[in-house]
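Should a chain be cited, it is by its letter among A, B, C and D, assigned in written order, with residues numbered from 1 in that chain.
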Amino acid sequence: MSLVSSAAVAEHASRDSCWIVVHGKVYDVTDFLDEHPGGSKIILKYAGADATEAYEPIHPPNAITDNLPTDKHIGTVDPDTVVKVVKEVTEEDKRRQALLDARPPLDEIINLHDFEAVAKAVLPPKAWAYYSSASDDEITIRENRAAFQRVWFRPRILRDVTSVDWSTTILGQKSSLPVYISATALGKLGHPDGELNLTRAAGKHGVIQMIPTLASCSFDEILDAALPGQPLFLQLYVNRDREITKKYVQHAEKRGVKALFITVDAPQLGRREKDMRMKFVGDAGAKVQEGQKDIKQDQGVARAISSFIDPSLSWKDIPWFRSITNMHIILKGVSTPEDALLAYDAGLQGIVLSNHGGRQLDTARSGLENLPPIIAALKTRGPWPNPNFSVFIDGGVRRATDVLKALAMGASAVGIGRGFLYAFASYGQEGVEKSFQILREEFEMNLRLLGARNLSELTPDMVDASGLHQHVGLTPPDNLFNTTYQPLRLAEFRDAKL
Amino acid sequence: MSLVSSAAVAEHASRDSCWIVVHGKVYDVTDFLDEHPGGSKIILKYAGADATEAYEPIHPPNAITDNLPTDKHIGTVDPDTVVKVVKEVTEEDKRRQALLDARPPLDEIINLHDFEAVAKAVLPPKAWAYYSSASDDEITIRENRAAFQRVWFRPRILRDVTSVDWSTTILGQKSSLPVYISATALGKLGHPDGELNLTRAAGKHGVIQMIPTLASCSFDEILDAALPGQPLFLQLYVNRDREITKKYVQHAEKRGVKALFITVDAPQLGRREKDMRMKFVGDAGAKVQEGQKDIKQDQGVARAISSFIDPSLSWKDIPWFRSITNMHIILKGVSTPEDALLAYDAGLQGIVLSNHGGRQLDTARSGLENLPPIIAALKTRGPWPNPNFSVFIDGGVRRATDVLKALAMGASAVGIGRGFLYAFASYGQEGVEKSFQILREEFEMNLRLLGARNLSELTPDMVDASGLHQHVGLTPPDNLFNTTYQPLRLAEFRDAKL
Amino acid sequence: MSLVSSAAVAEHASRDSCWIVVHGKVYDVTDFLDEHPGGSKIILKYAGADATEAYEPIHPPNAITDNLPTDKHIGTVDPDTVVKVVKEVTEEDKRRQALLDARPPLDEIINLHDFEAVAKAVLPPKAWAYYSSASDDEITIRENRAAFQRVWFRPRILRDVTSVDWSTTILGQKSSLPVYISATALGKLGHPDGELNLTRAAGKHGVIQMIPTLASCSFDEILDAALPGQPLFLQLYVNRDREITKKYVQHAEKRGVKALFITVDAPQLGRREKDMRMKFVGDAGAKVQEGQKDIKQDQGVARAISSFIDPSLSWKDIPWFRSITNMHIILKGVSTPEDALLAYDAGLQGIVLSNHGGRQLDTARSGLENLPPIIAALKTRGPWPNPNFSVFIDGGVRRATDVLKALAMGASAVGIGRGFLYAFASYGQEGVEKSFQILREEFEMNLRLLGARNLSELTPDMVDASGLHQHVGLTPPDNLFNTTYQPLRLAEFRDAKL
Amino acid sequence: MSLVSSAAVAEHASRDSCWIVVHGKVYDVTDFLDEHPGGSKIILKYAGADATEAYEPIHPPNAITDNLPTDKHIGTVDPDTVVKVVKEVTEEDKRRQALLDARPPLDEIINLHDFEAVAKAVLPPKAWAYYSSASDDEITIRENRAAFQRVWFRPRILRDVTSVDWSTTILGQKSSLPVYISATALGKLGHPDGELNLTRAAGKHGVIQMIPTLASCSFDEILDAALPGQPLFLQLYVNRDREITKKYVQHAEKRGVKALFITVDAPQLGRREKDMRMKFVGDAGAKVQEGQKDIKQDQGVARAISSFIDPSLSWKDIPWFRSITNMHIILKGVSTPEDALLAYDAGLQGIVLSNHGGRQLDTARSGLENLPPIIAALKTRGPWPNPNFSVFIDGGVRRATDVLKALAMGASAVGIGRGFLYAFASYGQEGVEKSFQILREEFEMNLRLLGARNLSELTPDMVDASGLHQHVGLTPPDNLFNTTYQPLRLAEFRDAKL
């Protein structure tokens, strides 16, 4: 490929001829503008210039080369011609840097909520919006958390709990925790090392990571960061072009991935309003000014990265998946006993009761609430637990007690996504390791308090889930009455200033 | 009619002789003062002067000529004598204009709540009070919204949802959405074009508008704004003088209106306190000072416009309606299975489960909650859905998911009133079109996520409505305990100022 | 009785010899100090001085003469010796006067809540504390209100509601409203005319007043203020000295009182903490400084006025009451079907389902909640309604809809206490009349909207009381989660200052 | 023991040689550093110096001599060499002293909440954190309180309640209240006299105190403070070294303790985050600076004092306890009918339905909620109440009505821990006595209002516990709707400034 000067690139800064630089390579994306899943506007902002910084956190490294015909690969930008742009440090950047410097010492982080609070403070607003957002009115994301609090414990006493053990086996792989790292996309928005933070911490502590299709590190980078024999799972968005999917799956199996989690709750990626609102911020500087109608509308990060997902995916495709891989196949995003039985009868190895962290169908029920009827349905196919079929849940998990409730109710293991994501977004790999340590302490404590020495001693009678199905919304308050009512006060100190 | 000078009009500025000018015509309303549904006080404020600005948004154009004997039509005001009043621009006007100028760009409106928030900011206080108010403690208006959130989804997976279709047929008319525009009164309070904003947007996008009896545009203006063949429905308040009603209904049928929605939940219009409180504002400037007892009390806009409604309307009148028109006849405002069956057995074509947007009987239940027992009752008359009888609901709808829940539970289509009203009150016709676009996007997304390719695939098992009937009001909180309890805090940043 | 100079009175300003002046008479209360139900401290504050101002609003006029042996009636204070104390106008007095002057015009009062809000602002703090207080954590007072909001309407349509009628007969007496004025004590704390405000308004509008034993106007003053034939009821606290009670009851019957409501939920008057906290304010100025232990503790107004009540009152006393009067006898303060049947079987004429406005046993259930099982129990004794036995409820009523719910569920009529009390505390007799007018408007409106032309058409199927028995207290919120969760925002205006 | 100069002590101020002074004695704790349950860091802070002030409130006086071999008892510090450290009075100390001075007079304390509010204000932050903290998200501590408010009263009327009596017998001991003082640790954190405040008040008023294993006064100090014959119970944490436990239990029996409450809900002491967060405050001044990894992590006060507790304790140990003592043996911390029956069948004398004040397993249910199924289970073993077996509950009690509810539902008596702790932390012994007086007043009042003359007349039908088992968590609110909705306002005063 030829060397191209920055000046030459800069001449192609219009809708009619649009070149951009990514990782030092020059690409002609003129014809691709209308096909770009994230809209043309965001590309035109970098027309004739270097787009690497915007490209990197939301695209797998090979996205551009995979999608652009080779004749559009213009060449390599001549490094001598690159004017080093002194990156402007904004007030916002300074504020965030100050927050980073003032983070609580990792020692003072004592629960998973703490990571989230730190991440909320130190992440760039777009990253926080992408990670934290959920669909529509964000009812389901909060319900996911609330559901755990409708299940109460019935602890047993006077059992010798000197040693307690919370290790387990997940799809045949040893795990030091009854928890796996669920896939979340675009890790580099939160930390320069992205998903590798998880891979390294997981390897060190015997935890299993599920690699996301939409990782911002490439699949092979992640595999290369794993220890020999470190078990990994793969989350799969199925491509409209099945050959791409087949290649991807078979490559994963070859590299030793143990199980394939096919996402089935996202034929289209959700309308996540926090994410959608973000796109309007920062668009002001778009280089190319055109009539708004001509530029394909931005629709937030989620839409930008997901247009390849195939909405036609159906039960008819399942045999094909079984034909291309010997990995365990699990459906991620099941909500009903009907579909759980279909998965079982299709010969699959498991399901994840998930609503995609509240990011897809709002007011869908929580995985935890769907668990009892689904376990009941699966018991019609044989004893539970069933060594050939696993039921996982994810969504809203913050405490070891949440996990213990799900396990007592029949779940095989529990996925945590955002929890670990916020851990590395706030403290990198060390944050993830600390999150494991917190969970270990909580598991040890709470197994003892429940009177269970290991996970097999967690039994359904240790929880009271009778309130789980109560979807209570309050009737509207009587505002006039409440305004007039004067609440009781406590005894008063003599000096009101104190 | 003779020309009358402004000076001559101004001589009739007392209770004993009261002339007003409306649209350039002079009327003697002295004898009408006590009959004015809105009270004499508001008229006396304009005694001897031009009342057009106050008259226009809350009266159909022909209201005055229809109600005043022709001998009280004094003449035409002599334009040469009119002193152009330089309308004072108040601080309040300026503040509202600034808000209008600063409205979020329409692109940034991403859900129906946004329109309401903009309308709340930019509407004159009286208009906002009239539109947003509901009866008594406004329990029902909020319950209408809350009810939708007591219904949860049970989404199905792995169905090919490449193409999804949310179009439908409502009372034999094609509709691009399973939603119609429900009637709301006095559109000009919100926008100078009033209801025409809805008519034009509806025509362009294949949506059906229900024309309100109390439109501030005249019936024919609205019909004239419709496209050829554009389907329209008519909402009817029945007049004490049935001949007026007959004329009105038959004129509507002649002009092509397809269905008649007779309002049955409003023998008297509700006590809407926000609206009632408004009447006290601005009354200070009343021109004629008299003993308060002598002036018929103002009672808010709602009462002012509704005294013609006949509280004697009863089931006995139904055959007469069937005798005067061949339009479909639907009862709007049904709440019980008993009345639903009466309507069915009376040979009508449908009912709307509605509580008038919470504006009539407070603590009446929501249409959504009334839906399951009513569908169950109608099933005793034959299979459901029944091609000869439709059940609509309205009230509290903000999301496509709300509509999908109602349809899954057996509703034929859903009415949205305030949602579209706020859309044009904030952005005119463009706002209404945008609201259709938002709904389309939400329908597409959520049908896919539910696993339904079209509305007939929406089945009752896709929702969990088991909590719908739970009317939970909290027991009163323990304020002393809550005051004393110190909530947990998160880890602290080192610099508290951050 | 001899004339006594002020100076002579002032010499008796100690615990050893304590004289006070009330209404110009001098009393030696030395021996009475320890017996004073309100404690000795408050009396000692006025030792050797005029106590009339403190005495008046919380004692019936004849309380002191009834309780003190005649030999302790020293004489009449010599008016020539009285130094006119120029009453100091405090800042607090000025603030309250300003609030009184700025009260909303009565025209702008549109519901019963409004009266309460005005009363709260304009009453002296002690009066507000006494009226508004309830027992312990004030759970029941609020539950009384909340219970009405767990009952929902099922309105019927298409009934000719041109004329609606909400008049009724209560214990054989005509009433223009299905509501009576329930007894509340110490009216003069709120308005100089005290209970007479109610008597006069009630007479004018055909409403029945229940006279309280603890009225601050004397019984005969109230009777004298009534119109000829105006029906009145009497609330009775039974005295430890039954002869006093007998005399009181027979005098009432002689003066034409129609029914006797014996309070049975107050063998001892409640611990009302708002009231109790008040006693500490203003005690600073006590004239006699003694060791705190020596002075019987103040215990708020409620205790001060109620020590005569007999805690031994029991079912055994009922025949005696029937022997001393022919008035209807009703038990006020029944909560259980067991006691309702006992009352019925004892030959009484009715019961009031009441918890004393939440002022006695906290976390007792509301009268409304107790209504269905009690009506069910009474149906075992014959058809309901029963012409020989009435069931009333009181507590928490603010709206005509509350009353209509209770009537539909079987109540004979409904008592309102604080509602009318606040009406005269804020606007005197005119306030009470306005409160009747508001109720009339609400009754007219809501009977029409329910489809009931009169009270006999109010049927149980018009309400959905299925949620009434749900005593839901929320599980504690997850504060860390809620702190971290970032709620959705609406679209933003361009200028944040607006 | 030899005299040691302060200078000589100061030379041993490192990890390699660490001496400390406690109560004037010098100890070499170098080898003990790693074994210290509270971590080495806190000791190293006082290396070479006097640690008495930090030692005292959280260790029984003999803790150091019991744990350190005698050869590490170096000698007595030479008093002449001690440099009197002028204790710095910090701003925080001054603020707290000012708060202490401004406490509400004890007369104005009218309920148990008041003590808590005062204690919260006047306690050092570490003490408040230790006392008030509970585990994880502090759901259970609040649920304990909330549960009482899901039980409602059904009061009976017209019973002669002239005399009411709330005294009882607890495990054969007379008690003036149906309440005992439950064990809480480390009383000296709150008041210099620590647990003795309780002992003295209990003796004076005929109330039974349960002595905590982790008292900050020694067991014998407490016994010595008791009156002759004053009944006392003992709470027991079982030591890993059973001989220590045996000696302790037998000593207690010899000194006349009547019953042994073995804690069974704490094989390990809970993660109490408020307490954990506190350890980070004030650690800055640690004298010895070392790499953080080398110093055993502090883990809050709870962990520091509890490492001796034996997690192996099991049902197998019960016969041994019965063999070493003739005291009544009660298990404290039972939650299930299964374990209640095991305790009964093991021949024990009772159980406490407790979750350790919410300090152990979070989202465990409340003792009150566990009461009905446990009483039902025990009824399968014979009539209830059973003279040989008692069921107590504790947690969240603030009112006599709470106690009466538990008793009506079958409990034998109720324990209050924090309530009395806060009473002495705010006002010493007088506070505890006042708390008894408040309870007495509340018992008298509420027994009368319930229609029960004594505790045996409290019957199950006097409460409605049907809502007790409802664990209702709200579905997440619709924030956009709530933001947009404009609540009703009351009538406005004319002058907005008022």
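Keep this in mind: contacts are C-beta pairs under 8 Å (C-beta built on N, C-alpha and C of every residue); 3 or more make two chains touch, one makes a residue touch a chain.
Owing to the predicted nature of the structure, the values given are computational and were not obtained by experimental measurement.
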Exercise for the section: Could you pull out the chain whose C-alpha mean position is farthest off from that of chain A? Expected result: C
Fill in the blank from the handout: The larger set of C-beta contacts, choosing between B-D and A-D, lies at A-D
Fill in the blank from the handout: The C-alpha superposition of chain B onto chain C, two copies of one sequence, needs a rotation in degrees (nearest 5) of 90
Practice task
Using mean C-alpha positions as chain centres, tell me how far chain A is from chain D in Å, no decimals.
Solution key: 42
Handout entry: Centre-to-centre distance between chain D and chain B (centres being mean Cα positions), rounded to whole Å
Key = 60
Exercise for the section: Could you list which residues of chain B touch at least two other chains? Expected result: 108, 110-111, 113, 117, 137-139, 142, 146, 149-150, 273, 277, 470-475, 478-481, 483-484, 488-491
Exercise for the section: Note which residues of chain D are touching chain A in the complex, please. Expected result: 95, 98-99, 102-104, 108-110, 113-114, 117-118, 121, 136-137, 139, 264-268, 270-271, 273, 276-277, 280, 292, 297, 311-318, 331, 333-336, 338-339, 342, 360-365, 469-476, 478-481, 487-488, 490
Fill in the blank from the handout: chain B residues touching chain D in their complex are 111, 113, 116-117, 120, 132, 137-138, 142, 145-146, 149-150, 273-274, 277, 398, 472, 475, 478, 480-481, 483-486, 488-489, 491
Fill in the blank from the handout: The chain D residues in contact with chain C across the complex are 107-108, 110-111, 137-139, 142-143, 146, 149-162, 399, 401, 441-442, 444-446, 448-450, 461, 464, 466-467, 470-474, 479-480, 483-484, 490-495, 498
